[in-house]
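Both complexes shown next keep chain A, but they swap its partner, so chain B is in the first and chain C is in the second.
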Partner chain A sequence: MQPFVLSRPKTLAEAAELASASPQDSALRAGGIDLIDRMKEGLEAPARLVELRWLGEADREVLRALGPGDERVQIGALVTLAQLAAHEGFGEAHAALREAAGSAATPTIRNAATLGGNLLQRPRCWYFRHADLVCLKKGGTACLAVAGENKFHAILGGGPSFIVHPSTLACALTALDAQVEIRGPSPRTLPIAELFVTPKQDSKREHALQPGEVLVRAILPKPGPEQRSGYAAVKEKQSHDWPLAEAAVRMSLRSGAMTDVRVALGHVAPIPWRSREAEAVLEGKPPSEALFAEAAKAALGGAKPLRDNAYKIPLAQGLLREVLHRVAGVPLPE
Partner chain B sequence: MPDDQRVTLKVGFAEQLRDIEVQLPAGEPKPWDARSELKVVGKPHPRVEAPLKVSGAAKYTHDIVPPNALWAAVLRSPHPCAVVESIDVAPAQSQPGVSAVLALVKPGERVIFAGQDIAAVAAKTPEQAEAALRAIAVGYKTEPFVVDTAAAMQDGAPLVHRGKVTERSTEGDEPGAGGSAGQRGNIRTSPSMKKGDAHKGLRMAKVSHEATYTTQVHTHSALETHSIVVQWDGPKAATVWCSTQGIFSVRDEFAEVFELKPADVHVHTDFLGGGFGAKFGASAPGSRMGFIAGELARQAGAPVRLLLDRKEEHLCTGNRPDSRQHVKLGASVDGKLTAIHVVAHGSAGIGTGAGVGRNAFGIYSRCPNVLVESHDVFTHAGPGTAMRAPGHPQGAFALELAIDELAKKLKLDPLDLRLSHDEHPVRRHQFELGRKQFGWDAGRKQAAALRDKQARVRRGFGVAASIWGDFGRGKAVVATVSVLRDGSVEVKNGLQDIGGGITTVVAQVVAEVLQRPVEAVRVRLGDSELGPSVGSGGSVTTASVTPAVRAAAEGVKTQLTALAAKQLGRKPEEVTWSEGQARAGSKSIAWAELCKKIEGEAVVATGTRPETYGAYPVKFMGGNSYQIAGVQFAEVRVDTWTGVVAVERVLAVHDCGKVMNPLTARSQVQGGVILGTSYALTEQRVMDRVRGVMLNPNLETYKIAGARDVPRSIDVVFTPVDTGANNTGAIGIGEPSTIPTAAAIACAVHDALGVAVRDLPLTPDRVLAALGAVPTRGAG
Partner chain C sequence: MSDRAGITRRGLFRGIGTAGLLAGCKPSERPPTTTEEHGDAAGPGAGEAALGPGPAPLAFTLNGEAKTVEVAPHVTLLAALREQLRFTGTKVVCDRGACGACTVLIDGVARNSCMTLAHDVAGAAVTTVEGLAPGGKLSVLQQAFIRHDALQCGFCTSGMLMSCQGLLERTRGQKLGREDVEAAIAGNLCRCGTYPNVVAAVLDAAGGSA
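Let's turn to the complex of A and B:
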């Protein structure tokens, strides 16, 4: 790792200003889990790190807020995964977020990792993370995963880069229909789907923020009275491993039928993957084992696997079925 | 000196005990046998060094910082195969903080794996050393390479070695393994193991099974990476701290490289953060660490610390080679094996040693016809080296899973099939014991019921065996025991404790002989000046060291007995010891009193261990040592929707001769089971076939089992055996305990699914593929 300057500005405006230089010059540091990893791996060597955790009281409060603000739930960008996982204010309506936060990474990482950093972390593709290799995402000419080792890559929405989006919170927030608020030269609030950039739009980036912009919070819409949600992941290894696939589901159960259904899959596509196909199968129907199987099939219908990752199709189907059973309260078959 | 003596020993196991006569060399204490009643040895005792470890007071090589020490860093080849056209290290010399720079290749030389040594620097800080490496200019002409084992076997594959290959062997290798029967292309054939006529046996078979099994490259991934710290004490002598399993192998290599007298190289290893076969000698298997650190220190005129990082540890410090094993089994209709034929290919990268162990040849020995042929396949990847029971976990996996698949065709219980072909009485006893304790019969029924129902979540039960030899070494260890006038007891030997707990066991042996509390025995190890010792490889440590320690302690006791006799006015033969007091008739003298009468400072004796003199009840591979037996049972849970395998329970039934300390022995077995589980489920080196580099040289995507991945319960049962091997009865356990784990887990997965997953690790993609759930065509 190369030496750098550490800045601890007192206001958000100052932080944004300091971070508005090019990525080689400066980087925002939240929990630092991903950023410091990238620096240690020799991928980046920003000359200055700008700390978000040392802001003065007023701004810090915004970034650390967690809980109801008017009708909606506000989650400040510096709220940690551990706080989200332990948050008692999340009932069944927001269980997906609590379960997602509690499943990511390890207890020590969750204590430091923040909402903002989690959404904006860079991908884990092993070609991207290899300091000696230059792939499309790093300005090269080709995606090395296509002819290389692509077991962990995208089966949906891939090309020309085949990363899977790393953020577990992104999967849950997509199912929960969240918005994110951004401050900087042009402050705005976006639906979460618009935060993410597909490789077809720009293979070098994963999100829409420009240098000098700060994600300040995520906002969850007011849930209906019958809303429930859930999240689960499948991993090769059950301790501190990355998911092979994730599924998050939101629905309301009214007079025996599922409504307002949202289905999101993680680690199968370069962005958190909303499945309108599965939603269409489920919406307005009573929950059942057969319907869930059909929805799972529909969700993966458009999958285009690479050489080594076709297994993700049945795996994600099985996972989605499991989550649907759990959220809708239909017992899983033995 | 008394003459050679013949003694009668009671040997055997469980109910099967008998008397044998053995010839003991002069001065050798009568071995502890089944009649011995021991008070300290064989009782659980916590590690004596535990407080130092948990408090951080224990100093590992990484913690050693001599005054003015410099940091070394090594530039490594980014290319799997290239000719070095030019190298200029001069720019590094003028970088801030740099004291020495070393080119490790010359123009014209060919590098043959990504990670190979190119150049090295020593600087004041690690950041400065790293920055200096970036200033070194190297021109490469890249050449074709091959990192995939199957591809390397093809005619016309890029050649890894262009001449005859010399084998690198260490104390980590299994004695008797190795050797070559010819080399062609990238394939080097090892001598085969042969009994009867396997081809004929296969032709005679009425039922047969044939399949290919593969295993992955497994890296040692010790918590403490390879590390060496060198301090020159003048031009002809040096002090070396090294993270090693063999202090004397470090001394000898360092002395040879720098043309020193071995006695002028002083090596320390007070504590070791993990050694699984890759830490012998001053260097790592794929990096000349001893030379680099020594030469940089010499040039800089200051001590140098060379501590590898995690990436280097994966690339160039050895690994367990992969394997592709084609197994053919033949049997009669009533389930008698007529042939076992294994053709194995495996790659130890640029190194040798990819054989698959003795399992197929040695365990189911009632099969009359066995042929095991193995081949090393060279690839452009970091060298393999000995890793905990080299070859055996690979061999066990293929053989045991094939046996299960055959049993299924024969409609036989796979445990019965094993029992009817295994001649080792201890292992048969272990199989029977485990069958009851594990609930085998009921478990198999439950698994079958779930399978028949096509249940979403299945259960499976598997079993596998291990084979290893008592390789305890004679005449290698000289231990010294002293009793001082103040009554304190000290034992010394130049041995390293690699974490198995030998420090505690040594204290127990001395405490037993001298009837002192274990805490009162000061154990000094980890220093080459404390007397010759063995490297910790081949599971030899306890068996080699404790008999020498006992002999030394008995020597001291003889002298103290004579002293007591003098004090009590009796003959030495009349003196007996109990509770730390010497007695003769009605008179006695307490320990402290007796020690005060010592003339001079101390009573001192050294002890050695003769060659192995007993091997009851079964010899290993027709040699002169005992065949160590072990079996493990595994229960798994498999989710057929997601393909995830969880190991619920492992029952490990092992013998290690006389168990010296059940607490540390159990810990060894648990470690072996955890390593085996990790190997079975997730660990795997991933190479990019197109670029020839390792893609997961870290502990994030190189996946080692964590707390949630290890079996929910690991039960360890010892079946003690008195073999008559040596005077303490100790034999090894470290390696045998990891041999059958992955095999048992794979057999359990076969039981759960009804189809075998024939490739390790047993990841969800493979489980789903075995279930036929994965669409076959992938888009490009």
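Let's turn to the complex of A and C:
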């Protein structure tokens, strides 16, 4: 790593101000897991790191809050994945988030990695992560995955970049209809879908935050009385690994029918992938094995695999069916 | 063997001198520090503190003992422990948070010291594997590792011990199951595959220690 100045501002406003320089000049640091990784790999060398963990008490409390606040769940940007995974306040309604947080990375990484850092981490694509390669995201002319090794890349929503979004929490938060609160020159609260940027919008970035903006928390809407949710991922290794595919589902079960259905897939697209096609198949209907199979088929209907990743289509379909069965309480077929 | 008593591999390396060993490989391991911005000198704002980019003082507790070192902000806790404080029980393997060999306890919580900056532990209590055996007396956990043959090549062992120690400390008095131990060591890669013996050792230590 290159030497840098470590700044420890006392207020969020000061932190935002210090981080308003270009990314070469400064970077905000929460848990710092992905940031330090990128700096060690020589992808970035900011002259200043601006610490969020050393803010004064008032601002630190906002960033560390976890729990109900006027009936919505607020999750501060500095809440760790370990805290999320162990949070007893998450019942069936928010199980997807607890399960996602508990499955990411490793227990020791989860003790340091934060909600904010997890949402804003950069892609794990091996071409992007190689300091000597100039891919589309780094100012090159082409996504190197298109003609290269693309086993782990996007099958949905790809082009011109084919990364998959690396955040596990993003998949669960998309299914849970979360919002994110941004502070900075123009404070705003966004639906989580608007936090993420597709490669067609801007192939060089994955999120909409500008320099000087700080993601301070995620907010989950007040759950309906019958809300339940779930998340699952498939990985090559059970621990120490990024998913090959993820599925998160939210629904309410009332009088035998599924309502307010949300379906999100992860690690199949450059953004957390909400499947309105699958939602349309499920909404208002009683849960059944046949319906789940139809929804899974619909979710992957638009998939366009690259040379090495067609396996992700049946994988994601199977995973989505499994989560639907579990969340709706329909026994899995033999 | 009696004629080797008192000689360790690391002691031998230190005796020869690391500089001598490296002389043929690299001209200089570390560039001289050119900037002398210490303490609050580097910040443009009024209220914030800023450290670096040169060495800045860091005070923390290491294995129960107060330590103060001068360390630059870009130095990881792992590097500071091994290279400055000479606590080499904590191992470097992947240096990217993917293997767990560098696991230490920070205020009782298992963390990857390779992905932690040294200055992150200002005011905190750090426990390394050396802290498990004060005065050279092995802990209950370490003795259980030996009894259950819970190490082969040994490179993951100090990190594995710290993850297990963290588990024992946070579950003191509770009954532990196999799955609790497996979850606790899911961040520690053992290339030799000694996991079942580690699980057995931790369950033994949990049952045996108060």
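To be clear about the criterion, the second predicted complex is superposed on the first by the 334 of 334 C-alpha atoms of A that agree within 3 Å, B and C clash if a C-alpha of one lies under 4 Å from a C-alpha of the other, contacts with A are read in each partner's own complex, and residues count from 1 in each chain.
Here, contacts are C-beta pairs under 8 Å (C-beta built on N, C-alpha and C of every residue); 3 or more make two chains touch, one makes a residue touch a chain.
Everything numeric in this text was worked out from a predicted model, so none of it was measured.
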item	value
Contacts of A:318 with chain B and chain C, given as first, second, both or neither	first
Which of chain B and chain C A:239 touches, first, second, both or neither	both
Chain A: partner with more touched residues, chain B or chain C	B
First (chain B), second (chain C), both or neither touched by A:18	second
Which of chain B and chain C A:334 touches, first, second, both or neither	first
Partner chain(s) touched by A:198 [first = chain B, second = chain C, both, neither]	neither
Which superposed partner A:112 touches (first chain B, second chain C, both, neither)	second
Which of chain B and chain C A:5 touches, first, second, both or neither	second
Partner chain(s) touched by A:252 [first = chain B, second = chain C, both, neither]	neither
Touching partner for A:151 - first (chain B), second (chain C), both, neither	first
Common ground on chain A, meaning residues reached by chain C in one complex and by chain B in the other	1-3, 238-240
For the chain A and chain B complex, residues of the former touching the latter	1-3, 124, 126-127, 130, 132-133, 144, 146-149, 151, 234-242, 244, 304-311, 313-315, 317-319, 321-322, 332-334
Chain C residues within the chain A interface of the complex	35, 37, 42-45, 47-54, 72-74, 76, 95-100, 103, 109-112, 115-117, 119-120, 163, 183-184, 186-189
Complex contact set, residues of chain A against chain C	1-11, 14, 17-18, 32-33, 36-37, 39-40, 48-49, 53-54, 105-109, 111-112, 238-240
Touch list for chain B against partner chain A, complex	78, 127, 131, 453, 455-457, 639-644, 646, 681-682, 686-691, 693, 695-696, 700-701, 703, 705-709, 763-765, 768-769, 773-780
